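Multiple structures are listed underneath, in structure tokens.
Presented sequentially are two complexes of chain A, the first with chain B as partner and the second with chain C.
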Partner chain A sequence: MLTYLFRRLLLSVAQLLGLAIVVFLILQAVPGDPVRIMLGERVPAELVETVRERLGLNEPMLTQLWMYLTRFATGDLGDSVTFGQSIQTLVASRIEPSAYLITYGLILAIIFGGVLGVFAAIRSGTVADFTIRILATALLAMPAFWVGLVLALVFGIAWGLFPVSGYQPGLVGAFRTLTLPAIAIALSLVAVVLRTLRSSMKRVLDSEYVEAARARGYSEGRVLARHALRNAVTPTISIVAVVVGFLIGGTAVIEQVFSIPGLGSLLVQAVERRDYPVVQAIALLAGAVVIAAGLVADLLQAALDPRVRNTISNG
Partner chain B sequence: MNEHMNENQLLQIYNLRIGFGTKLNDVNPIVHGLNLSISRGRILGLVGESGSGKSLTCRSVMRLLPDGGHVLSGDVIFDGHDVLGMSKSELLAFRSTQVGMIFQDPFSSLNPTRRIGSQMIEALRTALSLSKKDAQLRALSLLEQVDISNPSAKLRMYPNELSGGMRQRVMLAIALGARPSLLIADEPTTALDTTTQAQILSLLRRVRDDDGTSILLVSHDFGVIAEMCDDVAVMYGGFIVESGPIEEVYLRPRHPYTQALIASVPTLAIPERGYRRPTIPGPPLGTLPYTSGCPFASRCTFSRAECEDVSMTLLPVGPSHTSACPFGGE
Partner chain C sequence: MKFRSPISIAAGVALAVSLVGCSTAGGPTKPDASEGLCTSTPVAGGSITVAKQTETLSLSPYSTPGGFGDTEALNMIFETLIRMDPTGNSQDLVSGVADTWSTSADGLAYTFHIRDGATFSNGRHVMADDVKYSLDSWSDPDVSQWASFARGYDSTTVVDDSTVKINMTEPIGGFLYSLAMVSAGILPQEEAKAAGDSFFDSPIGSGPFAVDKWVKGSSISFVKNDWYWDTSGPLLDSVEFRFVSDDNNRTLALRSGDVQMVDNVPWSQVKTLQSEASLTIEEFAIPSWILLSLNNQKGPFADQNVRQALSLAIDREGVNEKIYFGMGEAPNSILPRLRLDADASTIAPTAFDLNKAKELIAASKYPNGFEATLEYPSGNAAFDSLAVVLQAYWAELGVTIELLPEDQGTLSKNFTGGTYDIMLPYSFAASDVPVPDEFAEFYAVQGGTNGFFTWWNDPEIEALVLDFTGTVGDEERAAKWPAIQAAMLEAQPAINVLNLPLVNGHLNNVCGFSTNPIGQSTFTTTWIAG
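This part shows the complex of A and B:
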């Protein structure tokens, strides 16, 4: 397990490095002169040249990449061009709602997807299973922003249960303001978790070791929890890790719909203002979260299933 | 039910009918009125090709029919207790203490994510309410009983670290944990190589000889059955077509299916040039529902018009020897 942990961590570091290089190259490829965008079209050419010099934009690309990587490694994200703040303070002021929103959405998706998936697998072939699967397909087909608007209309405006826009800090405030947006981003995820878990659970329930467990006189609850679920859950863990990436993308839209001052809406603003350093920082952060999710998923799987750690640490 | 009681019989199955279907009024019968009994301390072989209903029959003893399977009628009497009428908790206790079961594929019948020790201890604690420590000691002695060397190291291993034969031994050790009076072995050696097969079979026989455990041995291989069993029941198309003591059935088979099955057992002799081992002509039974007559008629070399009207009841043809073919296999 320790060898596996070490190798897996090393892989994550390599992934981070790759991510940083890709983000850097994409921004290099974007058309337009960043200095012109910063200063506007009407400034004299000498000033543009001084700023270029000061930002190191005249250095060869490899030198620029090296400067960028060393800054990134020390945690210095640079300054925003248009918000007049360091990116660190900017991100710090916006990260809380987004972090809560993603966590909340993920928890909802795992709980509802998990319970419904297991239930559908146990009742496989019945009306309940059929209904759950139809519902899942329907959920998957509904875009999150539309679901968000409908939720806001019904629970927010018609019934007045939750506020329809804005964010209040703290756990209670976050619960009040983030419940509707979290449901909106969780719905399609519920469908993904449900379908993955249902199919792997069904396969495991048909396996000989589950039959053998039943033949030993274990109660059905014990068979499910101690024998079936533990084996069925691994594919779902990988899927959830992949889905975290979609979740981050989804928050950008949902934060706009519910006017939540999070990183997603910051990203949209930064793109509108052509504030490349901010876009770069958020892209890096989002990528890092996805890499971390993959790491956590792999470690969880290795902890649950000895075959995972054997295959990777030997190969 | 009382007229069925017989002190010598450990397990008796009467007129068992099993069907498959999603709704109870739309069931396709697979096993048609089967009678079977196992005496204490004896090994009964259940032989037949895939789809003949042998696995379903032994699963119905544990009430472990797969989804969609139903017992349509009949009785399963174990040691005087009506298995099909047991309550949920009686059934769990019955499964954990009275019957042990091992399966065809030792690669998939152990939980791959848990250590051997944890799986054994779980079974022992469920069946015998032992303390964790006592369960561990019992697990060690069980592993020794099935000839596993260095048992304490094996307890810490995962199933994928063991060979197929080793895993089947572990399965057997778990099955024997509560000293059950019946062991059901469903094709226990089919997935193993011949050397390992011989070791597992001799282990099974030792279990019977030492503990007096009755064994229901399911196989499609008449060679294995002939070597291991005291009695044999031959199944075809959801019927028992012939049954009796093994030496009777093996030396004087009276049903054409049994005769064909025995003729197709490979021998070690080098065949003469041009020799072709006899096979049973025609395709195995498909999933078409049974209508009437002898299900083997379409593949039988001796088939005649009267086969359509055969009732498939077992008729005496020798000492304790019965066959469903009224024409004596001629």
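This part shows the complex of A and C:
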């Protein structure tokens, strides 16, 4: 088990390194000059050169890559070009809204997807099953930013229930300001959770051991919870881990639409302004979260399923 | 931040419990369309939240990466010696930290008297030393990115505690306007030196408001500066700028009553908002224009006939009606409408004349037309329409245009690098001063911005512009400018498609809002009715 963990961690570091290099190269390929964007077009060209020199942007590409990798290795994220702040401070000040939003969205997606998935599996082949699946697929097809605007129009303007933009810190404030954005990102994920859970649940429900459990006279509730769901949930856990990656990407758009000062909107701003160090830092952070989510999913599966546990211990 | 109303909180909780929407909650309270809310006597007190398109990234007058987002916030905090008229009723300069000033006959010295009541928001009186420190910082290129606007500034002499004399190396016609830009705002010397760089996290100025809370990425709020010299304003206790970059969301925030005012109403939504009874849409005349830049160092655009033809082939009236709801104005200059400009009866606006345009193309080196690219800001509905319309107009001349919508970073790179053909470089272009000096020099005087990145130069016009910008005194300047305006329009290094106003929207009970001639507001006369 420990060897497995160690191997996974080593692999994660390699993945992060690869990600860092790819992000760096992509940014180099994008046209645009952070210093010009910062200073505007109305300042003399000499000033632009001086600032470029000061920020190390005139160094050759390989030197810049090496500087950036060695800085990251020592845990120093550097300073933002645009915001004139250290990236540690900047990221720390933006992490709360994003963390809440992702957690809130994930919880909503799991609850709705889970309940509807199990329900659809039990009622498999009925009108209810059909309706749920059609609706979920329709929601999946709608772009999150559009869903966000519609939610804002209905719940914010027509009914006046929630503010349509901005963020208030603290649990109550976050609940008020993040409910609409969280629904917007959850809606597209419900379909993913629902469909995976429904199909594995359906397979398990048709299996012999569930038949056997029923034959022993256990209540249907116990059969579902203890025997069926526990076995059906493992593929869904893997999917949720992948979905976390999508969620992080999705927050970039949703935070922008709802003016939430989180990491997603910071990333959009940093890309617009070619603030390379900030883009790199956020991309790496997001990568680390996705890798960690995959690791947690594997461990969860191992805890739930002895077969997985054995493979890990023996492998 | 404030909750909108207790009703909406209760309703929010109710929704969370039932998870089924109920339509009985009703919308937030908004003033109805009753006319004349603002006709009563202005009352003091209250607060306002404004949804702003551009975020405030810096509160240093010397470094403004956030553009308008920075300068508009700085204007609330810092006051300059003299100001652009905050009522916007004139393009004149009015008193600020200084109550009186004079210019020497040769234009090489200015004397300012600091008004008795000029006080920083910490209660300390503004002294001559503070003025000297601020102007020295403003003009130092190692400190200030705006130092090039201080051209001609030599030094400040402290005459006594409340009098300063500015010494110039050469007379500069627009210098007083540069002094009225917020980058020349007055800082408290001791406090700024003591705090170092951290001074600008929560700066102290002598303007009508002081920073209350700055939540980076989200909002900035200001409270009334109780020490402000003008006892007639500000009337509001506090002002909050909330950063909402998304056009749709900004107007949704206004319609829902989350905010009381929005800036830069997107053109595509002007009609919708005008039809809402609880809202007022206001236009402010500012030096803003649709700047269409031509790369004069490249093939066809080096030919004046081609440049003129492209401008003549644009049906500006059509563009104005169809895309800008008639709010724009056909220009008679390549620059926006500025002080000292000759009016339309002296210099006629460029008329839509397809026949003449075709003649000019026939007489050019490209009688059969040519191919070119048009780069413009992506994600802007008005520009999407404008680009397609321009493509159609120019097709009449045999010019084939490839449309390239791009993000601001790419536009900026190609614009300053001179790698474009035709470009709309800005979603919103405006002059920093209401006088022609800034952009006349950008276009006509070599060095710096390469003819504002058109790479155009005409030595005769350059000499005229240098003579104009070196002339002090309104009358002499007014006599010299129109000839330059006409010559630059004739040369057509770039095209002004339309002059545009600034369009704001607010709830009907927001009264007395005004901006200075460049569209910035200090909210000193703004009040909330009933």
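The definition used in the following text is that the second predicted complex is superposed on the first by the 242 of 315 C-alpha atoms of A that agree within 3 Å, B and C clash if a C-alpha of one lies under 4 Å from a C-alpha of the other, contacts with A are read in each partner's own complex, and residues count from 1 in each chain.
Just so it is clear, a residue touches a chain if its C-beta (ideal position, glycine included) is under 8 Å from a C-beta of that chain, and two chains touch if they have at least 3 such contacts.
Keep in mind that what you see is a predicted model, and the values were worked out from it rather than measured.
Trainee: Based on the superposed arrangement, let me know which partner A:Asn231 touches: chain B (first), chain C (second), both, or neither?
Mentor: A:Asn231 contacts chain B only, not chain C.
Trainee: In the superposed arrangement, does A:Gly125 touch chain B (first), chain C (second), both or neither?
Mentor: Once the two structures are laid over each other on A, A:Gly125 reaches chain B alone.
Trainee: Could you tell me if A:Pro31 is touching chain B, chain C, both of them or neither one (first, second, both, neither)?
Mentor: A:Pro31 contacts chain C only, not chain B.
Trainee: Answer with first, second, both or neither: which of chain B and chain C does A:Leu77 touch in the superposed model?
Mentor: Touch partners of A:Leu77: none, neither chain B nor chain C.
Trainee: Contacts for A:Ile248 in the overlay, against chain B (first) and chain C (second): which applies, first, second, both or neither?
Mentor: neither
Trainee: For the overlaid complexes, name the partner, chain B or chain C, with more touching residues on chain A.
Mentor: More residues of chain A are touched by C.
Trainee: Is A:Tyr218 touching anything from chain B or chain C once the two structures are fitted on A? First, second, both or neither.
Mentor: In the superposed model, A:Tyr218 contacts chain B only, not chain C.
Trainee: Does the superposition put A:Phe258 against chain B (first), chain C (second), both, or neither?
Mentor: In the superposition, A:Phe258 touches chain C alone.
Trainee: Contacts for A:Arg307 in the overlay, against chain B (first) and chain C (second): which applies, first, second, both or neither?
Mentor: First partner only, chain B.
Trainee: Of all residues in chain A, which touch chain B in the complex?
Mentor: Listed in rising order, the residues of chain A that touch chain B are 124-125, 206-209, 211-219, 226-227, 230-231, 304-307, 310.
Trainee: Could you list, by residue number, the parts of chain B that touch chain A in their complex?
Mentor: Residues 22, 62, 64, 66-68, 91-97, 99, 101, 103-105, 108-114, 122-123, 126-127, 158, 160, 171, 174.
Trainee: Quick one: in the complex, what on chain C touches chain A?
Mentor: Residues in contact with chain A: 1, 3-4, 7-9, 11-12, 15-16, 21, 23, 25-28, 51, 55, 57-58, 63, 65, 67, 141, 145-146, 148, 215-219, 242-246, 248-250, 252-253, 255-258, 407-410, 412-416, 425, 432, 438, 442, 447-449, 452-453.
Trainee: Contact residues on chain A for chain C in the complex?
Mentor: 30-33, 36-45, 47, 82-85, 90, 93-94, 149, 152-168, 173, 175-176, 179, 256-259, 261, 265-266, 269, 272-274
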